[in-house]
Structures are given as structure tokens and as C-alpha cells.
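Consider the two complexes below, in which chain A is the common component and chain B and chain C are the respective partners.
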Partner chain A sequence: MIAVIGLLAGIALGLLWHPVVPVWAEPYLPIAIVAAMDAVVGGIRALIERRFDERIFVISFLSNVLIAAFLVFLGDQLGVGAQISTGVVVVLAMRIFANAAAIRRLLFRA
Partner chain B sequence: MPDEDTPSGGGAPPADTAAPADVRDVWHRLAFQPSRPHLVIGLLFAVLGLLATVAIVRPGTDDRWRTARTEDLVQILDDLTSRQQRLDAEAARLTGLQRDLEAGSTVEAAAEARRRLAALQVLTGTTPVSGPGLSIVISDPTRQVDASVVLDAVQELRDAGAEAIQVGPARVVVDSWFGDSADGVVVDGQPVGTPLRIQAIGDPSTLATAMGIPGGVADSVRTRGAVFAASTDPSMTISVTVPESSE
Partner chain C sequence: MDRAAAAGHRDADGLLDAFIAQAVADDYADVAPMGPGERRPPSRRDLPTALIAVAVAVVIGLIGAVAILTARGSDDERDRTHAELEQRVAAQTVVVEQRQADVDQATARVDALQQDLLDSAAAEQQADQTERLARQAGMAAVAGPGVVVTIDDATGAQAGSLNRVLDRDLQLIVNALWKMGAAGIAINGQRLTALTAIRSAGDAILVDYRPLSPPYRIEALGTSSAQPDDSDLTRLLDGLRSSYGLDSSVVAGDVALPAGDLRTPHVALVGAAAGEQDVQEGSTP
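Let's look at the complex of A and B:
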């Protein structure tokens, strides 16, 4: 419940505040969001499988975001920023889909 | 992190059963009680919501480029590049022209202008001309040679490359005219006199050939009962000039 509250609070804050993203951070924003979504979906799956652990969730959330951002940064430095961004997004999306499929199976037996 | 002390508390019991959860159980789990790790999770979700909102609702900066497809952007870039190249080439050309005009070519420009002036003076008859040419004498005691024959002769000489022509007492220039009068042919209002003398500066053999072609001026004069005589001259001078216009 507090997660939903936090999410709504963040959305409200973003809508009301209109923060300006620094230009250097723009490539990392979508990657960070997808990485965080991966952590969230993984956490939901763990929750349903009754092995959810806050500590693991928090660490995986932060490390996902940081590693994804670092990969994009590294790719930018190597001159393959666009490709590595695509790769990261593809891998994370695959994980999201896999976790979502597991959730679906667990919840609906389908 | 103080959440170390709640490994099994905090609404997340260890996986005691591997049995699949049912839906009610999941909803129950989602409704945890607030505790410190939950606050951290809530904070993370707040950050996620903030980031997502910021990423989706960008304060509109130039949607035109943001939403354009890559191919379109490449096309636009190509257009701009080629346009820049064209303008660069134009600028380089004009810069070179400016440099040429500024640097030293006044001498060349003046020399070119003088050459053109000399040529135009010859053509307009404002300067005496000397050089090789053809001298024609037409003896016409019966006055059968009229202005049209003289005009034909002048046209033929011009076609043959005559630089300057004198008919009788008059220099023939662009606005010369020929007419018939009681005293015979007149050129620019002056009688040509008898015998009629025509002098032309130019390549003598070319001029002579032009006069002698079958059915040409010489034949035409002779069929009218006049005597046509032409002689080339390696050096002759036409000293009659037309007064320069004061315009």
C-alpha cells in the first residue's frame, strides 16, 4: 500500500513541480525507469511467491538502476551508447515479460 | 541499515510454504503496515513515479525535432549540409572576385578597356585606320549604278571582314545611308563622285574574293555597263573620320 502511495506521490510531484532534467542525464532517464520497473515486477513476483524481502528489493532496485545507468554511460564513452541502450532495454524488457508471465501463472494458473 | 532486524517481520514472512498464493493472500500482503523498510520502498516508488512522470511529461521543447523520424532528420541534415556547401562555394567565388578587383588588376582592367575602346573607335569611324585593304574603282559614265549596288558592295565588304570602309568622300559607319539623287548616288547626303571609289581595310584577298563571286557586286556592276576595277593594297589609309558624338 505504501508503495502505491509513494508512486502516486511521485507522479503528483512530477506533475506539479515540472523538474527540468539536466541534459547530461537525459539518456539515463528511460533506462533508469525500465530498470526500476524490472525491479518492481521482480518484487511483485517475489511477493506472490512469498519470498519477498525488503532488503533484497531495495538493493536490487538501486543496483538495477545504477548498473543500467553505468552501462549506458560506458556505452556513451565507447561510442556505442545507442546500441547499448537498446541492449539494456531489451534485456530488461525480457526480464519484465518473464516475471510478468510468472506472476500471471501464479495468480491465475494460466 | 536498520532493516536488517526485520528479516522475517515487516509483512514479509519467509517462504514458509511453496504453495501458490491465492489472490486474496496477495492483496493482504500488499496492504502492509507502515514500517521503516516500507518507507524506504515507498520512497523508491516515489522516485520511480517522479522519474516516469518527468520522462513522459517533458516540458515541451521543440516537439518538431523530438518526434521526427530518423530518416527525416537525416534528410533535413543533408539538405542543410548541401545548402551550406552551395553557399560556401558562392561565398568563395565572390571573395575571389573581390580580391581580384581590389588587388592590382586595375592595370589589366584599364588595358582591356583600352583595347575595347580602340576596336569601337574603328567600328564607329572616329579614328583614322590604316592597313592592307582593297581599293575599288567603278567607272559608270551612264549612271546605271544606283544606291542598291553600292549598298550591296558595302554589305559584301562588311561580311568579308572589312574593318573600315570609305565610299567616295564619306566614311561608312553604322548609321550611314545611301540614296539616289539627280547627281547620282549619295552617301550620307554627299555625292559619291565619278568615278566611284571604294576603299576597304581588311584582308585584301578575302575582300577581293567577296567582290568577285559569280553574281556578286562585280558581275552586277558589269551587267549595268559599268567598269569594275579592284586592286589590293598592302598598305592604305582611310583618314576620313566621323566627328565624335558629343553625347
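Let's look at the complex of A and C:
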């Protein structure tokens, strides 16, 4: 519950603060969004399954974001940034879909 | 479906299945689900972890909000960029039109200048011809390689004696120089023109009606410095020396001839100038 409050606070902060994304960070924004969504959906699923754990939430999000950002950075340096970004987004999107499917099964038994 | 077929099916999907299973591995797989109303052990819910979790949640929300704002703002950005590009295109179009106008103007100017040049080419040719004719007619000062013929009376010659240089001698020398291809001749600084007379008045020789005094220095421009021994000039000077004792010398060197005084015709009109030039040109062999 405290994580949900933090999430809402972050959204409000972003809407009010209206930060400008620096140019160098723009390739990482989609990755960050997908990684964040992955963490949120995974957290929601765990919450519903009563398995939620802040420690795992934090570690999984940070590690996913760091690995994804590093992969994109590496890809940019190697000239395959777009392909690496696609791969990262695909994997994270698969996780999102899997977790969303689990949530759906838990909530609607379908 | 028998076991082998099922195994083959599993093997065929095995790689993809394994990939998906690993990729979408549940982060919370190791956490045992809690019963209703059950709470985590306190060690798992210590304060720093909860704070970090909140911070992560804030970051996630922030990222989402920023993403939304960026996506929405990109429309404005697109419009702004589009408008700016339109503006830039319009400005550059104006610049291009100006440059094109400049180019057209410059092209027209080049054409005009070329036409002027073509027009003036004829005029220049005329000017060149005029200058050439003026040099030949003795109306322009000229300088260049040539020969200087110096001739003097015989030593101790008396007035009226034949041992003096006569107008006729000078005429013969001048004619010999013309024959040798002289482009211009001056006697004691008096340029010979087509209308210059060499004649005597009493004891004096007049060139262009100006009395000269010996020694006579005849400068001829353009004659070959190497005089053949049997040339008219050599024979003439030898004859004058042997017959009348007139000292003479021919020295090759640079000569500078002044412009002659070609008097303005009293009778001829300007329209007849061309014919007059022909006469002058004809006087130079």
C-alpha cells in the first residue's frame, strides 16, 4: 500500500514538476518506462498473490533498469542501439504480459 | 498422443518455452504466499527497505508521468518544429529568390559587358590601327633598337663647297634607311613625317623648315643593326666619303624618336583623313 502511495506521489510530482528529459537520456526513456511497468505489474501480481515484498520489488526494478540501460548504452556504443532497445522492450513486454495474464487469472479466474 | 510424440513436441517448443520461462521468470517466485491477515516478519519490513521501496515507486511514477508529458509535449514540439521549419523554408525561399535575382542581374551585366567588349573590340582594333599608323606617319614618339648614322662636313670645308653635307645627301641617306625598313627617322631630333621636307636654304639644311647644323645625326628606328656591306646606305656613305671626304659612321643602338609635327591640313577635310593616312602609309616602303 505504501508503494502505491509512492507511485501516486511520483506521478503527481512528475505532472507538477514537469521535468525536461535531457537529450542524452532520451534513448533510455522507453526502456525505463517498460522496466517500470514491468516492476509495477509484477508487484501488483505479487500483491494479489499476497507475496509482495518491498526488497524484491526494489531489487528487481533497479536491476532490470540498470541492465536494460546498460544494454541500450552498449548498443548505442556498438551502433545497434535500436536493436538492443527492441530486444529489451520485447523481453520486458513479455514479462508484463505474463504478469498481466496471471493478474487476470487471479482476479477473474479466466 | 504417445510419449515420443509428446516429447518431440516438447523438444520443438523447448527452446522457446525455456526462453520465455526464463525471460518472464516471476521475481517473487521464492516468496511464499501469506495467509489472510498474515504479516511479514519484521526483519523483512525494516524501515530502510520500505523507504527505498517508496522511493522506487516515486521514481516509477515520475517516469510514467514524464513519459506521458513527453509524449504529449512531443505533439506541441512537432507543431513547433513544423512551424519553425515552414518559417525557415519560407525564409530560405526568399533568400533563394533574392540570390536568383542576383544571378539574373549578374548574368545580364555579364551579357552587357560582353556586348560592350565586342563593340569595343572593333574600336580597340581601330585604336590599334590608328596608333600603328601614327607611329608610321611619325605622329607618335617611338623608341627601340635601330641605327644612328652620323655624317659631318669634310674637315675645313668652305661654305658653298661640295665637301659639305647637302640636303640631297641627307635625302639619299634617309631614303636608304627607309629602304632598309626603318619604321621612323629623325634628323637631329626632327622627326620625319610624310610631309617633312629636307631641303636647303642658303647654307643651312632645313628639316621640317627648321635649320640644322652639322654634324647631322640621323636616327632610324627598326633598321637592322647588321648592315650588309653592299647595302645602299653603305655604298652611299662610302661614295660620299671617297668623293667628298664626308665623315660618317653607322652605330647600332637604341633610338628614341620624338613625335613629328604633322601640320593640320588646310584644304583636306576630316572625311578625307582616311585617304591622307593611306598616303602616309604609302610613304613607308
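Please note the rule applied: the second predicted complex is superposed on the first by the 109 of 110 C-alpha atoms of A that agree within 3 Å, B and C clash if a C-alpha of one lies under 4 Å from a C-alpha of the other, contacts with A are read in each partner's own complex, and residues count from 1 in each chain.
In the analysis below, a residue touches a chain if its C-beta (ideal position, glycine included) is under 8 Å from a C-beta of that chain, and two chains touch if they have at least 3 such contacts.
Just so it is clear, the structure is predicted and the values come from calculations on it, not from any experiment.
Of the two partner chains, chain B and chain C are each touched by A:40.
When the two structures are aligned on the shared chain, A:57 is found in touch with chain B and with chain C. Contacts of A:109 after superposition: chain B is touched, whereas chain C is not reached.
After overlaying the two complexes on the shared chain, residue contacts for A:29 are found with chain B and with chain C alike. When both complexes are overlaid on chain A, the residue A:91 reaches chain C alone and has no touch with chain B.
Chain A residues in contact with chain B (one complex) as well as with chain C (other complex) are 2-11, 13-15, 18-19, 21, 29-30, 32-33, 36-37, 40, 49-55, 57-58, 61-62. In the complex of the two chains, the chain B residues touching chain A come out as 1, 3-4, 6-7, 10, 12-17, 20-21, 23, 26, 29-32, 34, 37-55, 57-59.
On chain A, the positions that touch chain C within their shared complex are 2-15, 18-19, 21, 29-30, 32-33, 36-37, 39-40, 42, 45-46, 49-58, 60-62, 91, 94-95, 97-99, 102. Residues of chain A that touch chain B in their complex: 1-11, 13-15, 18-21, 29-30, 32-33, 36-37, 40, 47-55, 57-58, 61-62, 106-107, 109.
Residues 20, 23-24, 26-28, 31-36, 38, 40, 44-45, 49-50, 52-67, 69-70 of chain C touch chain A in their complex.
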